[in-house]
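Below, chain A partners chain B and then partners chain C, in two separate complexes.
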Partner chain A sequence: MADTEKLICNKCNKELEPIKTNFSYLGHSFFTDLPKCPKCGMVYISEEFVKSRISEVEMQLEDK
Partner chain B sequence: MSYLNDLVVDCLQFERAFCVAECPFDIDVPDFIGKLQQGRFNAAYKAYQNAVGFPGIVSSLCHEPCKEVCPLKDNGGSISLKLLEKAAMEYARSTSPSQFNMPPKDKRIAIIGGGICGLACALRLTTRKYNVTIFEKSDRIGGHLYDVADPKIFLEDIELQFSHESYSLVLNKEIDDLKALEFDAIFIATGIGGNDFGLLQSNDGAYATSEKGVFIGGSITSANTMEAIAQGLDASNAIERYIKIGKMNQPKTDQGTKLTVDAIRIIPNEAILPANDNLYSKEETIAEAKRCLKCKCDACNHYSPLLNYFDKFPRRVTEEVQITLVPSSLDGDASMATRLIATCNQCGLCKEVCPVDIDVGKFFLESHRTMRENGKMPWAFHEFYLRDMEFSSSDAALTKLPKGYSKSSYFFFPGCQLGASDPEYVLSSYRFLTNLFPDTALMLNCCGAPAEWAGDEPIHNKVISQIKENWVSLGKPTGIFTCPMCKKMFQEYLPEIKSIFLYDLIEEKDIAPNNKFKEIAASVFDPCASRHEPELQNSIRKMATKTGFKLEPLPMEGEMAECCSYGGQVAIANPPYASYTAQKRIAQNDNPYITYCSNCRDIFTREGKQTWHILDIIFDLDQKSRETLPTISQRRYNRLLLRQQILKEFWNEQFIIKRDDMVIQISEKLKEKLHNEYILESDIQKVINDCEKNGSKIYNPDNETYTGYKQIGNMTIWAVYRIVKEGNFELVNAYCHRMKIED
Partner chain C sequence: MVEKLLYRTRSVCPTCLKPIDAERISRGKKIFLRKTCHKHGTFETIIWRGNYDIGPWINIDEQELPKDLQCPNGCGLCSNHLTNTCCVVLNITDRCNLSCKFCFADPDNRSNDPSFDEIKKSLYNVISKGKSLVQLSGGEPTVREDLVEIVRAAKEAGAKYVQLNTNGVLLGENKQLVKELAEAGLSFVFLQFDGTEDAIYEQLRNKPLLSIKQKAIENCAEYNIGVTLVATLVRDINLNNIGKIISYGLERVPCVRGVHFQPVSFFGRIPKMPSDNDRITIDELIYEIESQTKGIIKSDNLLPSSCYHPLCSFHGDFLINNDSVVPLQNIRNLENETPPTPAADPADRNREFIGRRWERPTPLKSDPFKPTALKSASSKNTPKPCCGNIHDMDYFLKIAKSHSFTITSMLFQDAGNIDFSRLRRCSLHVYDNEKFIPFCAYYLSEWEK
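Let's look at the complex of A and B:
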């Protein structure tokens, strides 16, 4: 997500903020700060993040 | 899981080359030759010297038994090892033996006989700094070598090899009674017709006699000159073992080899003859060394795309899979071979080429099952195709007798992918069949291969039971197949169902159009599942020839058929491997291919190779309409379309394909992206539907798009879209990930 990009939660009409987000895959858990609605917790993950960090960790866990 | 552990003991990977097995010295010829190939004469000489003890004597007297067994013997001439050995000696920087700086040992060894066998034993023992005394009854050392060689040569070599070592030599001393000798060990090497002191050779170990501490070897035990030297060298190990641990049970060296010539890929290659009499030049040496095939069994590694890609042999595979199945890491979750296991195409080529029938594919499948049972196989590798199979067995499935029949003699099982590729393949085939046998029933379903490949036995059993139940309801007819994989699956898991190929029936009826493809050069690509179907392979070739094609063989066809890359549905677990494999398959020659598996056809076409399905040719189907390949979403829709069209044409029944009121516009480019990332358009619809229903979406004011996600199965799918008007959306982007978002 580009820094300048403004993202708004449709439900709460709040601007997203970097908030701790939890993930799990193949029995392992992780967390990282991602744009999230401070009210309802709706998260946004960009394609760039999916194709880089997430995809990389997925591969590592599958090969671990 | 135990399958390969039991079989891998027979693996011939480390079996001796034919020449090594014949060599009395067990010279590691591939290693020696490898050094010469690189022009490393010094290293090659050292390896040779270490193996034979007396290189000067051996290189001049060896009778070259290796030449008789070299696979090149009748293919340009055996490798001239003797000349190569001479060249190594000639071009080595130094031929003097290595000097070992070790303290002397206080153990005393008597060697009876100063012939070449006794000297060879003495050489090894003195190099290890044992105190050695040789008793020779005559007034000279060398024994029977005086009868077979020029004393100048062998005496020089003996002197050279002992230049850093010393031993006591007692000449003109005939030993009559061993008891008179006070030594820690004795080696009897008294030569042809020599004194054996009434001792028998013992079976307890190599060179052992019935007397403790006394060993025997060389010409007295009927060895020839070369064998006598080799035995003298080797006996030193048995003697040292006795001195160290008091046992005379040195294992006897294995003889022979189980290697087969079939396992070696022989390319005829003319022998290099030395321009200068009896000595190769350096260049000639390297050229002759490069002719060597370095015989070893690597058939599976060479032919199996998987073992070749990962550069592994069955033994290594067993070890890595074992560690993966029974993790030994501290956190108990190391699984180094997961992707290797999940990348097997299950094509069966490894077993086909193995001289001892080791089936690594079967082992991978068993391991896959174990991992799935333990919950260790990543779900992502197979979820897409298991969902696809579920779709084929439910929404797109159909089991039906033709109108007016209460049972059938035949049922047509086109498999799930043929109709997915194009419904017309199935429609044309069923028209042909119902004309031929009007009571032919229809079964649209999946054969269960995706569950088999996923190692998911419970799901697989369910599919098989469903098929069996349907088959019984049709009156237990004979199955007619188009897909070789479906037929293979039926034969293995539903052997009670008799099965034949549609193509054999077509070939018999001679309906293929004559000479339509006149003089077009093409090659038949046999699908891997047709490996043991020679009649089918023949039928396809006959039909293709009849239609005018000029067929040219592929290097890998018939029993050597390779997988197009679809087998095992490995493309999700290992996309680079799938792409690499497909590319290799289409590069076999420049001809267009003719195949009879819709997956082979679709994969090759997608990779840019002109490929006909044999049904395109037989039913004269419009090739142009199939140039644009269906995406994964269209493949699902095509199956529904097939169900609709076939019900209408043959049963006059209506089947309405459910359509959501929602309209999603997707560009062709984005459709291709969804295809490549295994995202179904129907899943995108679910995501947008969910977002719109409960309002959980993110608005980006910069480009006026909404972004939302939904977990479908285990996969999380994201959609970026615009609202065109109510119920009408434009998909801007989509992507997915395996990692689950925890709320």
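Let's look at the complex of A and C:
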């Protein structure tokens, strides 16, 4: 997905905005900005994000 | 005291090295390995002092040993061996520039070194392209004048990581050598570092060596080569220096990537036959680490190996941020929230862990964490720690690469405590005579008759 492409919430028809979002895994917590619907709070997590940063965080935290 | 049989295994007679039956038994909280040679008698060695419960630590399904086990005489990796090669040790010289009290390799300084072409052939035999971790060892590998060419040849053969096992004397004396090793592709240095006081080196290595070790670390820092400090631990010499060794390493992150402890084993050159009091068990070492670091490193953050037998190795993985030591794994969290079982081979995972943690990332020009050359042994001149919010995912991922710190340990086995259930899980293999031989089988030596 290109950075300039707008994301619209399917339910609320609102444009998603980058909002601080929290994650936790194996006793650690993290935050980062992710596209979120300002009305219903639904967060969009792209496949690219999962395969890059989420996957990297998991690799760092999981036991070898 | 009541004895309990925990596990039937096999070992060797320390006097004649004949393979014999052995058993792990408990008396109270202590665990011993006991074995009887019909010719030389019964031998018993402590393997666990009971600082923690051994039950959860041995987190593997330890089956009965196969009847046709040929350890250690048939070693060269047979169908009964349970693990693949994680790291390959290649001995490139028998010569050494020190004369230490303890030395498993016990170099004779008389044998002819293998030729460059012979080493190159071995490199091509052992290396899987883009995957292997090769340890250049000895003797003292830096005494070879063609070491730089050997490192280059290892990289050309496709080694992903090239590790130098060294006492560091020549790395401290010769900065140009360090520069050339970095340019040739050396990944990291496994630096003999037994303590923070010259008295320790005088007792173990017959020389005061602290300042030359410091210089070796500075030179590696300047050329972005990661250094792991390796301490051989001997009870009355440096067991009580563990906390200071860890502090010394922590003050030198990111150049120093971790500390590796090797409780002394009794093979090769040893000053005397060991008693149980001379042995430092794995649980005792973990207890000392927590105690001497005043809880900065906790036992819950040190985990048994999944690549070796749990009685052979453990590791802890940390980040250094805002002067704090942040543990990445906690045995309790892993128990409560089990990650998916990794598909990769444990040896592959262990190798990548080592590589990821011990190799320094290539610095970017704009990188705020680019490496700093160390100026002196004084902590006043050590690099500034990272300062940021570790919960910020992007920041976390950045310092996980640059400011990690490992605490690892390997407890080698000798004629007194070798246990074939451990040996068949060894993934540190010496390559010699076209065979991959588990490290402790390769160096096994009989005790005096």
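A few remarks follow.
Keep in mind that, in the parts below, the second predicted complex is superposed on the first by the 62 of 64 C-alpha atoms of A that agree within 3 Å, B and C clash if a C-alpha of one lies under 4 Å from a C-alpha of the other, contacts with A are read in each partner's own complex, and residues count from 1 in each chain.
Following the convention adopted for this analysis, contacts are C-beta pairs under 8 Å (C-beta built on N, C-alpha and C of every residue); 3 or more make two chains touch, one makes a residue touch a chain.
Since we're looking at a predicted model, the values are computed, not measured.
Once chain A of one complex is fitted onto chain A of the other, the partner contacts of A:16 are limited to chain B, with no touch recorded for chain C. In the superposition on chain A, A:60 contacts chain C only, with no contact to chain B. Once the two structures are overlaid, the count of chain A residues touched is higher for B than for its counterpart among chain B and chain C.
In the superposed pair of complexes, A:26 makes contact with chain B and with chain C alike.
Judged by the document's definition of touching, chain A residues 23, 25-27, 29-30, 57-58, 61-64 lie at the interface with chain B and also at the interface with chain C.
On the side of chain A, the complex with chain C involves touching residues 23, 25-32, 53, 56-58, 60-64. Of all residues in chain C, those touching chain A in their complex are 303, 306-307, 315, 317, 328-330, 332-334, 337, 339, 342, 349-350, 352-353, 391-394, 396-397, 400. Within the complex formed with chain B, the chain A residues making contact are 5-11, 16, 21-27, 29-30, 35, 40-45, 47, 50-51, 54-55, 57-58, 61-64. The residues of chain B lying in touch with chain A in their complex are 333-336, 338-339, 378, 380-381, 695-702, 706-707, 709, 718, 733, 735-743.
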